[in-house]
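Order as written gives the chain letters A, B, C and D; numbering starts at 1 within each chain.
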Amino acid sequence: MALTVSPSAAAPDISIYDRRESQVRSYSRSMPRQFNRAEGVWLHDSNGGRYLDFLSGCSSLNYGHNHPVLKQALIDYISSDGITHGLDMHTDAKAEFLSALEDVVLRPRGLDYRAMFTGPTGTNAVEAAIKLARKVTGREMILAFTNGFHGMTLGALACTGNAGKRGGAGIPLSHVSHEAFDGYYGPEVDTAALLEQRLSDPSSGLDAPAAILVETVQGEGGLNAASPEWLRKIAAIAKKHGALMIVDDIQAGCGRTGGFFSFEGMGFTPDIVTLAKSLSGMGLPFALTLIRPELDVWSPGEHNGTFRGNNHAFVTAATALRHFWSDDAFKGDVARRGALLEKRLSRMAKEHGLTTRGRGMMRGIDVGSGEVASTVTSACFDQGLIIETSGAHDEIVKVLAPLTIEDSVLDGGLDILEQAIRAALSPAYGVAA
Amino acid sequence: MALTVSPSAAAPDISIYDRRESQVRSYSRSMPRQFNRAEGVWLHDSNGGRYLDFLSGCSSLNYGHNHPVLKQALIDYISSDGITHGLDMHTDAKAEFLSALEDVVLRPRGLDYRAMFTGPTGTNAVEAAIKLARKVTGREMILAFTNGFHGMTLGALACTGNAGKRGGAGIPLSHVSHEAFDGYYGPEVDTAALLEQRLSDPSSGLDAPAAILVETVQGEGGLNAASPEWLRKIAAIAKKHGALMIVDDIQAGCGRTGGFFSFEGMGFTPDIVTLAKSLSGMGLPFALTLIRPELDVWSPGEHNGTFRGNNHAFVTAATALRHFWSDDAFKGDVARRGALLEKRLSRMAKEHGLTTRGRGMMRGIDVGSGEVASTVTSACFDQGLIIETSGAHDEIVKVLAPLTIEDSVLDGGLDILEQAIRAALSPAYGVAA
Amino acid sequence: MALTVSPSAAAPDISIYDRRESQVRSYSRSMPRQFNRAEGVWLHDSNGGRYLDFLSGCSSLNYGHNHPVLKQALIDYISSDGITHGLDMHTDAKAEFLSALEDVVLRPRGLDYRAMFTGPTGTNAVEAAIKLARKVTGREMILAFTNGFHGMTLGALACTGNAGKRGGAGIPLSHVSHEAFDGYYGPEVDTAALLEQRLSDPSSGLDAPAAILVETVQGEGGLNAASPEWLRKIAAIAKKHGALMIVDDIQAGCGRTGGFFSFEGMGFTPDIVTLAKSLSGMGLPFALTLIRPELDVWSPGEHNGTFRGNNHAFVTAATALRHFWSDDAFKGDVARRGALLEKRLSRMAKEHGLTTRGRGMMRGIDVGSGEVASTVTSACFDQGLIIETSGAHDEIVKVLAPLTIEDSVLDGGLDILEQAIRAALSPAYGVAA
Amino acid sequence: MALTVSPSAAAPDISIYDRRESQVRSYSRSMPRQFNRAEGVWLHDSNGGRYLDFLSGCSSLNYGHNHPVLKQALIDYISSDGITHGLDMHTDAKAEFLSALEDVVLRPRGLDYRAMFTGPTGTNAVEAAIKLARKVTGREMILAFTNGFHGMTLGALACTGNAGKRGGAGIPLSHVSHEAFDGYYGPEVDTAALLEQRLSDPSSGLDAPAAILVETVQGEGGLNAASPEWLRKIAAIAKKHGALMIVDDIQAGCGRTGGFFSFEGMGFTPDIVTLAKSLSGMGLPFALTLIRPELDVWSPGEHNGTFRGNNHAFVTAATALRHFWSDDAFKGDVARRGALLEKRLSRMAKEHGLTTRGRGMMRGIDVGSGEVASTVTSACFDQGLIIETSGAHDEIVKVLAPLTIEDSVLDGGLDILEQAIRAALSPAYGVAA
């Protein structure tokens, strides 16, 4: 399949945004277009432009935009006056989602979790998780990690590392200690051992934790991928010290790193898992906190929310689970595409003496600075490729293509990226070209 | 129109929920049915039962379930591959929503706000509002009110009065002081004056506030309606002491109390307004923080979130704004229905020596205790009427019928309620009947 | 006895203070003299000036300066190489203090307390008290009062009302709610009832308190004296809601208001009492937290401090207890002097349409503003009378004469005050005089 | 001089303590005697026993008990009716103390500090220091260290590492991060570099600090002595990141480690220094926060306290400064005794394969466990030697002899210790002996 991107030359009139949308908007600044239609890996703008999407709603569109199977299921549901909003009442859609979760996700993996439908945002799923950990343990302290990202509401924000985001709180963020992630101090230092030492020392000043909250691959913090060994150590440390282990799988889960969960096959089972982003399959707001049954000590309504049962998302999510995860075909596709991505990024890295990051279809390349990365992503956008950055200094160019992308299209998009990096880092080449 | 409710006699098999849904679920406990379809004021269950909905998704369905105009707009949008998930990129749907907001809501009311699309839950809109107030003022303290309800994430939860909800936090909730709401200490005590005294006293121990956060009618806290005079005093106090006034209009807004905003015509303009619940018109997750332009000091992305632009909700919300709010017809209907509701509830109250609460189509009756209220709502449910409670002790039976309800249907539903109250409070009558 | 005050005309060289003492110093600014000697009610400066002391170290010198009995006991102790510093070891001096406390204070009043020797400052005694209350109850919230003053370390400061002091913390002060003191909203409003309503309301937002911390007369906050009725209500509220009642008797205790404790004969028994200031009798650093035995759940050393057993203070304190409190003579003297003080202050108040405050020998007059009060105290100082202010705006001129003052000297000092007030409020008179 | 210890065989009647002193008492539990007299290195009990003091009030008695020069100065002062309590008024005693501080301490060392007289306890000096750092920087976070000990009031307690002490707070301790002290992760890991990495990383989750608070030798935390190199790095890190460097010299200062300050000659100057313990010279309550003049931004009275000017302590402190620190003789004595102590402890350590800790006259030996250490100190006490433990597990036997101890007496005391260790670790020997 030939790659036919065709970005628009001109930006549309966006005065309504200047007039009526808050300054807080961000992505729209680097993509001054107005989009109106999308399918699969393609985004279309109001001037007829067509863009390849390597951002995928920050991994919220793992199955691409408006996947026809999900789209049809949703249209059918709406057409038949299916329940749209039902608080946390029982609905057919919810029952079918829970069944699909049980049949396709939990049972085959030997996992036993209960689903808590929090408000349909990742940050809400994290808030619920840490609330529950505090309730179960009677402790206050949450251990999160350097470069971790967990959300913008106050409880989740305290667990987030980014100083700019933290500064928005306007109050000191408390009851969380940020520990060094795997490899943070270089390959020589076992950061799990450093943590263990302090937790075992009654005079370290580190209070006994309610939970250890970790991403296996840090989506916003630079695509740092923790090793299975380190994660097993962290799981063991949590257990030893009476803390719950919470895996925040909001960005790395739902197939992004290969399996449905990012921690599959690693030899440990989290106490709590948070999911959101691609869970609905179609980009609808949906979030979930999975809880080991013996930890499900909530009182009815103790954590609630108006939109905690998004029935449209139940429909598309159940459909997506059954469509993509009933057998191993999709997983195989993702593995193959992940390998392709790894090969291409490594080649680029080798060419320029750079390093790569990540795992599965969640990978990036460290171009050294946010300035270079911004040059690269701007050049990509001009060529019709939507791609964004990650990391403490936005120095990682991050590839989050839909998992459903054709191999050839993935290759074509990476050609654009390769050229943009070359142009940014080898200006002479850029001029010649 | 005759009222043909027909509740199902038997509960369905709900073992999947016991097995796979968290104990935190609440409404489904008092409504042991599985719903599958809804339109207008009606909910249908999987056994063919039909229920009149006086809960309306806690005021998230002010235009009823699956309103045909909104439903068609959404189906059309999905069918044409409209953008489903676009982070905060510009989309046709967003532009149209902003235009509708400007044309139909802001300009006619002489209001100048910018829209911040937070994560699509009310609690997120509140978190954004208090963050911004703290950023603008450089202060930490938020003043909220007794019986206030603002959400379940940590920042909003600190502003919430309910002890059960607060207890779920697992850490002390700080940086908020809960002041007495209008009428809290009885009609004789001007609680605004009490607040003013402490704020003006440098030795009161009450720190200078970043914001005063108030609901004009307390939806969860017992349908207490503040008087316009009191609200004007609060607005003046906020201004005098350099604090922002935030009206949380999540439950009382979008027409529930008569106007689009609950504070219309009261003689003050909030600095920040939060909206959610019925904003999408169809019950889709959607939330908004409206900000006076001069206070819009956010840095790009300082508060963000994956689902902060729910395009499906943009579509239905814009359609709802233009359909219902372009002229005064709907407002007139709501006023008439609100008067009917008031008349009927007052009659019930008079019959039993009870009191009523609320304003517009957001009213309830205080039946004296949570036990009685529970008896009443259970009896209603058995008769096919879905209705819930509010208040510190769940002692208020709360009528949140769709605003679009036919007058006769409203009347019919209130007949069921009237009889249930009579049965609960006059047992002899109950037996006789 | 004639009143022979003779203030120095000139200030001494104080360059060493400018060079080497922090800007935080305060009293020395309004009293630009250097003092070198003191006995009884008299202070002497390095230029031979002699001043009558109506400040008494903010009630730390209730028995006057260097009382000969205490002074001799201390010299004897030091001369015999009595233990000066012994951490919390048993010493003869400590045993004698505990015996005197038991014999003279506790047993005659039917009180059963254990003494916790905290670091020798009032703030430390308060920190210990609130720590213990939190430990006993498992709750975090402390209820303190408007205009309360409890100390400058972080835990006690959070309980203090004064905004200037609070601002020094540099972090938000949490886990304390400041309730309205007796009479705060005027004589019509029963502030105990307001508190009770919120504590009994599970939706008020006021978390269940660990303790209610109260001064019976607010020494720094304006000499507001709570009524016995109100205090009994507060004690009952604490008991009803499972909170400890802590009376901070640091300024009002040790005889200042008449009895040894300020709450004697009021019909309630605090769970915890804090003492400091005049406890040593001679102005030595000493503080004490008295605890009902069943609440004494401390682990050994859980709250400690290097100077927690000040043996010099044990010596003078024990001597003072036995000397002044073994019979009722001293109490009678204080009552008589308090009545004299009340009479004189009321006369001044009546003359100028002002109001008086306080109880016993802890009284003041509200001169309307901090400016007037400052004029008054400066004029007094120029006449050789040391007197200071109190209150949210420093608007109360506060008489804290030694309790041992001769009636005639008290009268003479009040003459100076009377004239200074007259001069400040009747300028013509001032000129004439 | 022969060593004539003669402990009492029997414990005295201590029922008064059981009846009237709080359970919080600690040292008296391991030393069940009642002391009545002390001079130099000797403590005497009420049964005629005589004990050699290797505890020295936890380094509050660096010049021994009741040093005759200090004692006489104090008796003279009291006899002449010198001001005992003067709040923060100018007094002759204060002026003389400030002059001595300037003459003997600051000027010879080229240091420029202002003295803030806080409440007379170390914890109060620390609270003042961190308040000021927060005020100066506008930041909240304090960086303290593993095993650090800074006091028991809430602000200082948050900086303290010990879990048992922290647990007494009853609320979560916030706004402090505990970093790894020098050598905490073994000699290979440069903990200053670890800290620097996180402070320089905008996504580490470590908020910008107001201050770094450090002890050069951790008195309570195990006598860990930081290297000059590490301390210089910490000072440089503080400067680079806009934080103040606070040296808590409460236990290690006043000569304990050799110089008057523990950081002398190390090539950096702290912004703030806290002193207490031995500052008065005689064990009287006294504390001081030294501030670089440009940081002295306090408002008058912003941090105050009743006993903030302890005039008795001014007298003895000034006398001590002039007596011991006017020339280098005392410093030389301490150096020699420190070397002797080091030699003896090293010999013991070598004999049993143990390690030593500390610096100057602040040294200890790690006997492997709190149980062994307790056996050792009990055995010492039975032999008339008062000695205590330190460290996270109380596993360090700590020698804090008076600095004025005769070399031969020091040697004799160490003989007792050596034998007690031998008995504890070589039971056969113990039996033989």
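As a working rule, contacts are C-beta pairs under 8 Å (C-beta built on N, C-alpha and C of every residue); 3 or more make two chains touch, one makes a residue touch a chain.
If you want to know which protein each chain is, UniProt gives these names: A, B, C, D = Diaminobutyrate--2-oxoglutarate transaminase.
Please read all numbers here as calculations on a predicted model, not as lab measurements.
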Fraction-based call for chain B against chain A, same above half, different below: same
Most distant chain from chain C, judged by the mean position of its C-alpha atoms: A
Inter-centroid spacing, chain B versus chain A (mean Cα positions, whole Å): 31
Gap in Å, rounded to a whole number, between the CA centres of chain C and chain A: 59
Chain B, residues touching no fewer than two other chains: 140, 164, 171-172, 174-175
Touch list for chain A against partner chain D, complex: 140-141, 144-148, 160-164, 166, 172-178, 180, 184-185, 189, 194, 197-198, 201-208, 221-222, 391-393
Residues of chain B touching chain D in the complex: 171-172
Complex contact set, residues of chain D against chain C: 12, 14, 16-17, 19-29, 31-39, 43, 46, 55, 57-58, 60-61, 65-66, 71, 74-75, 78-92, 94-95, 98-99, 101-102, 106, 113-117, 119-124, 127-128, 130-131, 133-135, 138, 140, 151-156, 158, 164-165, 167-171, 174-175, 210, 250, 276-277, 282-285, 289, 291, 296-307, 310, 312
